[in-house]
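In what follows, subunit A forms one complex with subunit B and a second complex with subunit C.
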Partner chain A sequence: MKESTISPGLLTVQRVVAIGVLFGIWQLIIASGTMPSMLPGVTQIFAGIGETIVSPLFWEALGKTLLAALTGWVLASVIGVILGLTIGSVRFLDRSSNILIDFGRSFPVLALMPVVIMLLGSNSIMEIVVVGLSCLWPVLVQTIYGARRQESAVADTVAVFRIPVMLRFRRVLLPSAMPFIATGVRISASIAILVAVGVEVISQAPGIGRQITLMQQAQRWDMAFAYLFFAGLVGWGIAALLQLGENRLLKWKRQNDD
Partner chain B sequence: MTTQTPTTEATQTAPLLMKVRGMSMSYGEGAQENKIIENLDLDVEFGQFISIVGPSGVGKTTLLRCLSGLLRPKAGTIEVSGTQISGPHPDLAVVFQDYSRSLMPWMTTRENVAFPLQGKGMGKTERNNLADENLAAVGLAGQGDKFPWEMSGGMQQRVAIARALAYNAKVLLMDEPFASVDAQTRFDLEDLVLDLQHKLGVTILLVTHDIDEALYLADKVVVIAEKPATVVDEIITDFGDTRDQLATKADPRFAEARARILVRLRKD
Partner chain C sequence: MTNSTLKAPAPAAVQPPARKPSNGSGKKLLTSTWLIVVVVAIWWFASANSTNFFIPSLQEILESLVRDLGNGVILGGALYSLTNLFVGLAIAAVLGIGGGLLFGELHWLRRIFDPIIHFFRSVPQAALVPMIIGVFGMGQGPKMGTIAFACMWPILLNTIDGVLGVEPTIRKFSKVYRIPRMLHFRRVVLPAALPQIMAGVRVALPIGITVMVVSEMFASIEGLGFFILNSSATFKVPETWAGALLVGVIGYLISILFVFVEKRVLRWYHASGAQ
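Right after this comes the complex of A and B.
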């Protein structure tokens, strides 16, 4: 836990300064007049944030985006872990699916969106599917790595004590791959928010993304940025929560830090 | 000791717990074939402590992997309690050399010991009680909630021994179990294993490269050597039930047996 030598107080100060510097640069650029005039200044954005936070429209949009993002992400995580553990622990499956998975992970899922819209329509199911497809790959690839890395001594132990397959899956394979799975799940959580908002911008399915486009069309750039700010905040919040959960779940992993 | 084994009228027909006949093992095929073990015979009686001693690289680990059912020999038979085995068998438990890897780091010591029992379908309370009992038997009472990585190497190996004991196998196979702990811990663990064997009457088959360890622990020392490996000598030790790290090793018969083994191992 004590990887940094600076005190937490000083760290907070440094972080606040970093944010302050960012605001300063932003304001300077606006003041310099090099940017189009519609770009809002720091104070306008803050006013927008204030306005947004009390608007029921915002909370409804946020709820829709979160629901789609979380559903897609949870589905992708569950499917990715089960599939990944199976593929990673069976050598034959691992070798034969190698190319498919490398292909799939570099495939731009957003480009597939028109097809999904055609199949499912421009609604939240479509959004969940696109989010899920985007989130699946990081989880799947990480889980396969984790399952592959099985120690031979552990495999021998499991064989000697004749541990049944399902028990092995749950109590050996899953926990030993957990550090890798956790990384995949965390990466895909931020992807989930990004893709959900992106899908809403493109497809006009209801949610934060749609609000951003609506505000832009209404020339309310301050509000558009306020929505963007919240999309970022939610992503950051989820990542922080997951990190916390990961630290608790992987208590045994601390052996490597000693 | 041999006197404890169930003695029938004719000692030759005493039921064997393990019987290995003509076992051969090799890797590769045809011209590339690398013979590791050839035509090896081994008898294990109930309650016996057998040490298999041989130089490094002779194929001791391969032999133990065959005996535990992890590897399938190319030829020959391995019988446990009269039936031929074709894989890991519920009558066989193994204590591996690499204790730090064979224990699951995400499980507490209690969970590690109870895990094979869960595999047998035993209920939670029962298996946890059994785990605690066996942890106490190896001197780790009250340490069930610790994780393996919170313990020293010697303590981790005790957990591995407790796990093998709790599994309630008839034969404990040990692959150089004390090779990676310091000398004092090693002596402690040797005495612990002797003590457990006498108390619980388990049969132990221990593989080691350490001649002193082999002699100190065993009722019978099986010397394997040559390439491919085969049994070159068998020595019945007669140091009695109570052994002492100093007195037993100072016994003139100990020195004599050690010299005999050394000569055997030097020949090739």
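Right after this comes the complex of A and C.
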């Protein structure tokens, strides 16, 4: 099904044209007047993007969002991996925690936010806690899957040689579960950004989400769109980066599979 | 993204081979439930004498939940929220599956729009809430629209994946027999892509619930999100906890329900052992 007859140059041109067409449609919709008048036109959006990129306020907001997302994500990843390896390698724990984990991962953590705000206040610690709670589940679930798939030959070898628990954790369980962990960690990174922005939209916590709300309240729609654009860009960049990292990190796994 | 979701249904799908003596299944039930009982019991007793205003006892939380369930406050809100959710999801499914079939079949189109699709997928869905509601108002329509927009992308991407995964031989057959285009879509491509599509909907579900709650917390005078936020704003602490707990339970129930539906819809797929 591969048909790579189109040259990369032509493809780029086509893509640019496609984006141009989308902008054209947008402009037409605005011009037709069927949409509410506050929607900014294409030129205004571009001006907003230009204005945003030089504004220190934007970089500060971006930094705050990223810091909260990163902290929550790292904490959740560490806790999730440790818990997941433990649960996944002990069958009794695995069975017992099943329903609880299913419940936890289908829980929309943002709904819990008012409760967390009551307990911790509307600050960055609250944001980190909510982000961490949301990121925990994908890592945990994936790690459990990974730890479960322990081959019996490997398990027997470990038992026969009486490998100490910590060494087994670090050298046997962790590497064999790694591909699964990597997927979980990657998924939760996207979630971290999403939740961080979500928290900022609803609460008073500073960051990109808060800025979008403020710009919208100030009727600066062009700026709000610009912030939204950058939020998407950041999410995209992080997803792409992590995919790249995962492919690098798990090269041994891929070669194994071939 | 798809990796994990595809593997998800595996453990629950295994049926016990034969009717074991009831002792075995009772033990199994006990193993799978004791932890929840313990957690709830610890919560119950640890919070029983709580003096912290913001941490009410579990008893109080449950009492307020039962009371508000009884007088219809929550039920009305839940109905409003779930309507938004399901209408939004339905729109997302139609657009996502339709677009996915199109992009999956037309290679040139997919290659051109690939970066654009990935960009929109990466926009934090919650950030759309102030934009869409700000522009289009606080009504029910904009909320459904936000949910639909947020849920569309995982369904779209998974549908594309599913369409690309259709066996080339099957495709050739369809071509050789000159199956009409619409029939080819409906009877060949769609069923073949269905497992992937269902996985996409499964990813979209929690996103939809999250956006639903955020949209109601951001601007609304109705719905579960509003109930939670309003209770916390008026310092009705047990109600806030009760609302959050209820949304969690609803999220859990919906995901269980979906697994059930998925199993029915894909019964032929699981039966064929094609996984």
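By our rule, the second predicted complex is superposed on the first by the 229 of 258 C-alpha atoms of A that agree within 3 Å, B and C clash if a C-alpha of one lies under 4 Å from a C-alpha of the other, contacts with A are read in each partner's own complex, and residues count from 1 in each chain.
Rule of thumb we're sticking to: contacts are C-beta pairs under 8 Å (C-beta built on N, C-alpha and C of every residue); 3 or more make two chains touch, one makes a residue touch a chain.
On a predicted model such as this, the values are computed, not experimentally measured, just so you know.
Legend: residue contacts after superposition of the two complexes on their common chain; A:Pro138 is shown touching subunit C, with no touch to subunit B. In the superposition on chain A, A:Pro175 makes contact with subunit B only, while subunit C stays out of contact range.
In the superposition on chain A, A:Glu151 makes contact with subunit B only, not with subunit C. When both complexes are overlaid on chain A, the residue A:Pro164 reaches subunit B alone and has no touch with subunit C.
The partner that reaches more residues of subunit A, of the two candidates subunit B and subunit C, is C. No residue of subunit A is contacted both by subunit B in one complex and by subunit C in the other.
Chain contact summary for the complex, subunit A toward subunit C: residues 1, 3, 6, 11, 14-15, 18-19, 22, 35-36, 38-39, 92, 95-100, 102-103, 106-108, 110-115, 117-119, 138, 141-142, 145, 183-184, 187, 190, 193-198, 201-202, 208-209, 212-213, 216-217, 221, 224-225, 227-228, 231-233, 235-236, 239.
Only residues 65, 68-70, 87-88, 90, 92-94, 96, 98, 101-102, 104-107, 115-116, 118-119, 147, 149, 163, 167 of subunit B touch subunit A when the two sit together in their complex.
If you check the complex, the residues on subunit A that touch subunit B are 151, 153-154, 156-157, 159-164, 167, 171-172, 175-176, 178, 251-255, 258.
Of all residues in subunit C, those touching subunit A in their complex are 1, 3-4, 7-8, 11, 28, 31-36, 39, 54-55, 107-108, 111-113, 115-116, 118-120, 122-131, 134-136, 164, 168, 206, 209-210, 213-214, 217-218, 224-225, 228-229, 231-232, 237, 240-241, 243-244, 247-248, 251-252, 254-256.
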